[in-house]
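In the two complexes below, chain A is the common chain; its partner is chain B in one and chain C in the other.
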Partner chain A sequence: MSRILEIFLGILTAMGGFVEIGELTFMMNAGSLFNYRLLWVVVIGVVGIIVYGEIAGRIAAVRGQAVFNVVRERAGIRLGLLTLVAATLVCLLTCAAEIGAIAMLWELVTAWPYRLLLVLGLVFFLLVIWFLPFKAIERVFGLMGLLMTVFIVVAWKMHPDWSQATAGLVPSIPAVSSDKQLLYAYYAVALVSSVMLPYETYFYASGAIEDRWTPRDINLNRIIVIVGFALGGVLAAALMSIGSQFLGPHQIEAGLPGTAGLAAASEMGRAGLWLALIGMFFAFAGAAIETAMSSAYDVCQFFGWRWGKFCPPRTAPRFVLSWGIVLLLATLIVMTGVDPIKVVEYSIIFSVVILPLTYFPLMAISRDADVMGVYVNGVVANTLGWLYFVLICIAAVAAIPLLVLTHGGQG
Partner chain B sequence: MTSTQPRGDYVDLFRQVLDHALFDADGQLCGIVDDIEVSGGFGEPLRVTALLVGPGAWGPRLPALFAELAAWAFGTRSTRVPWEEVCELGEDIKLRSRAAVLGLGTMDRRLGRLVGKLPRSDKGAP
Partner chain C sequence: MADHAHRAAWMQASLLIASIAVLVIVLVIRLQRPFDRDTLAIQVEELQSQSAEAALLARNAMGDRLAPGFVRQHVQQLDDAGGRVWESLHSKPASPDLTAALARAQQLASTLHAILNPWSTDAARAAQSIVPLDDLAQRLAALDHQLKPAD
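After this line comes the complex of A and B, so read on.
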């Protein structure tokens, strides 16, 4: 019974923690600009995160190694350090955006000064990570993030155009001006990146070690990533649908978290608004914690420092200092007055650049029968893994030029 | 649990030793093999004499400019762990002695005294 409960909670946690501010913004704006035409990209992204999430979780369960142990071992110090620096910067930017978005949400509710709310946010996160055990952090923010499912109800109540949505599942290039096509390509790359954000695999694999997974947990890993991330994908698709049904016709840009709340309020009144705001708070807060902790996990795993919430902080001080410093720097970034939504847009585009650096070592080790034994990649994992590796390499090469050519996604 | 065991008397230093995590006699993570010390003159068999841990060992493996930057930022300290201390090669490398005896994890112990002054710093929970 406890095993079934564990699977159930794992799935819900994976789903509740799936969406963060970057994904919310890009999904809604993509829907607003291109209706359902980019829905196929969501499907590609979700299958991609399932493939690499499963591989990362399996390596953690079989070898007790998290992502940056593998990166160090397989990529060596030079390429590994480059990956670490890039991953930490992307996590820092994402963390900054999440903290900024939370301060914006609190500002909507309290009307207190934004910078004061940023400081309160920092204190809140420091206390939460310091005092709560890993399991509680994972469960509280993952499960409360499920309130975001209000957006699935909202999308449903907006009567989506099912024929358009079905047509959107087939990859296509719209017959529009070349500028708009570039913007379409930019959104395609950004959506893949926002769904496959690298910190998700860093945190997931490190969490598997925190939870002391063993090869017995291989099936648990599979079920959680397949069902949990697929349900998260449904939520992402619902956000795109809201963008298409609500933001597009009203010519609203999802430049603020409150915009999503407005969509919920339009269909479900005050209750919808509150559910959306609370859901967004827990989803963004979960992402802020995950990015801060992922940075600490990555650095410690790479340099061989003791890490993990299971260690008393006194015995893993560099782990504690790492997440504390990331939270502090992230808060300072948004304190400067920079728009958190802009920060997350850049962090998502830069994320796709480091995806190949992260996933190549995972593929290299997971297909090595000498080290994985009977848990080596099967035909499906190998085929999909390499197929996605080619895909993310193309996306990584295209990402920066598209960012420049579309003026940062402005068209 | 699988492991990359040495094949007979053959050890692949790059695949099985370099950049692998080190665990001490208490099973505590205490570093990564940042470099390997070998001895032996021309025409003589090379022999691994020690594992090197710390920025003084991994810094010089970087391109020159970054090596200087690493030395400036992290120092040039490195700890030498005699090869005789290695008792098991696998996904991790296990050592016979405790980290403190080998001079590993000194920064963690130093910083740990500071962090230890905070409330609940001696409680860890998964």
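After this line comes the complex of A and C, so read on.
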């Protein structure tokens, strides 16, 4: 019975923690600009995160190693250090964007000054990570993030065009101007990256070790990533549908968290507005915590320092210092007045550049029978893993040129 | 071995810093250039989006689907975002053939602020904002079309 409950909670937590501010804005804007035409990218991204999430969780369960233990072991100090620096920068930018977005949400409710809310947000996150055990952090923010399912209801009530949505599952290039086609390609890359954000894998694998997974938990891992992330994908698709139905006809670009709240209110009134605002708060807060902790996990794993929430802070001071510094720097970044949504757009594009560096070591170790024993990759994991590796390499090469050619994804 | 790794680490750090520096220089150069059709259209599209969203917000506020506090603050955030576009439009010139279009965009950005600013302190102004916002969104869409007819 407790096993079933664990699976159930794991699935819900994975789903509730799936969407953050970058994914929310990219999905809604993709829907607004291209209707359902990019839905196939969501499917590709979701399968990708399932594939690599399963591999990372399996390695953690079998070998007790998280992603940056593996990166250090397989990529070596040279490439490994580059990956670490890039991953930490991307996590920092994403964390900054989440903290900024939370301050904007709080501003909508309290009308307090934005910068004061940023400071309060910093204090809130420091207290949460310091005092709450790992399981509580994971469950509270994951499960409360499920309030984001209000967007699935909203999308449903907006009566999606099912024939267009079905057609969107098939990859296609729209017959539009060459500028718009570039923008379409930019969004395709950005959507894959926003669904497969690397910090999700870092946090998931580190969490498996925090939760003391063993090979007994391999099926639990499989069920959580497949069902949890697939349901998260449904939520992402719902956001795209809202973009198409609600924003597209008015040529609105979602540039503020309140835009999503407005969409929810338009169908479900004030109840929908509050559910959306609270759901977004927990989803963004969960992502801020995950990015801050992921940075600390990565650094400590790479350098072989003691890490984990299960360690009393005085026995893992570098771990505590790392997440504290990331939260502080992230707050300082948004304190400058930079638009959090712009920050997350850039962090998502830079994320795709480091995806191959993160996933190659995972593939190398997970297919090594000497290391993984009977838990080595099967045919499906190997085939999909390498297929996705090629795909993310192409996306990584295309990302920066597309960013420049589309004026930062603006057209 | 340690020396080797140390050298490699410095090499990587230098490469990373150099790449970031190149990206920043490219971005700064691009940002300093006068507005061309593409970059001016981006600003106009942002204003159009903000006007259309504000009109939608006003309609939903009239339908009593939104808390008044949320409306005021969301309008304030839209006004701030519009203010950033206004600043951007006044930060540099346009290429000679686009001087009139830039002036028009600046004027429409000011109009947006003139509608949103009083509304952000008085939620009751939603009703009287709908028509001017719809009109503004249309004028901005027309200017965008004039800048980029192919879209």
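The rule is short, and it goes like this: the second predicted complex is superposed on the first by the 411 of 411 C-alpha atoms of A that agree within 3 Å, B and C clash if a C-alpha of one lies under 4 Å from a C-alpha of the other, contacts with A are read in each partner's own complex, and residues count from 1 in each chain.
We take it that contacts are C-beta pairs under 8 Å (C-beta built on N, C-alpha and C of every residue); 3 or more make two chains touch, one makes a residue touch a chain.
Note that the coordinates shown come from a computational prediction; the quantities given were computed from them, not determined experimentally.
In the overlay built on the shared chain, the residue A:L220 is in contact with neither chain B nor chain C.
In the superposition on chain A, the chain among chain B and chain C reaching more residues of chain A is B. Once the two complexes are laid over each other on the shared chain, residue contacts for A:L262 go to chain C alone; chain B is not touched. After overlaying the two complexes on the shared chain, residue contacts for A:V371 are found with chain B alone; chain C is out of touch. In the superposed model, A:V62 makes contact with chain B only, not with chain C. When the two structures are aligned on the shared chain, A:I77 is found in touch with chain B and with chain C. The interface of chain A with chain B overlaps its interface with chain C at residues 77-78, 81. Those residues of chain A that touch chain C in the complex are listed here as 77-78, 81-82, 85-86, 104, 107-109, 111, 176-177, 179-180, 250-253, 255-256, 258-259, 261-262, 265-266, 269-270, 273, 277, 339, 400, 404, 407, 410-411.
Partner chain A is touched in their complex by these residues of chain C: 5, 8-9, 12-13, 16, 23, 26, 30, 38-39, 41-42, 45-46, 48-50, 52-53, 55-57, 60, 64-67, 69-70, 72-74, 77-78, 81, 84, 137, 141, 148, 150-151. Chain B contributes residues 1-4, 18-22, 28-32, 34, 53, 58, 61-63, 66, 91-92, 105, 107-108, 111-112, 114-116, 118, 120-126 to its touches with chain A in the complex.
By the touch criterion given at the top, residues 62-65, 69, 72-73, 76-78, 80-81, 130-131, 133-135, 210-212, 214-215, 302-318, 320-321, 370-375 of chain A touch chain B in their complex.
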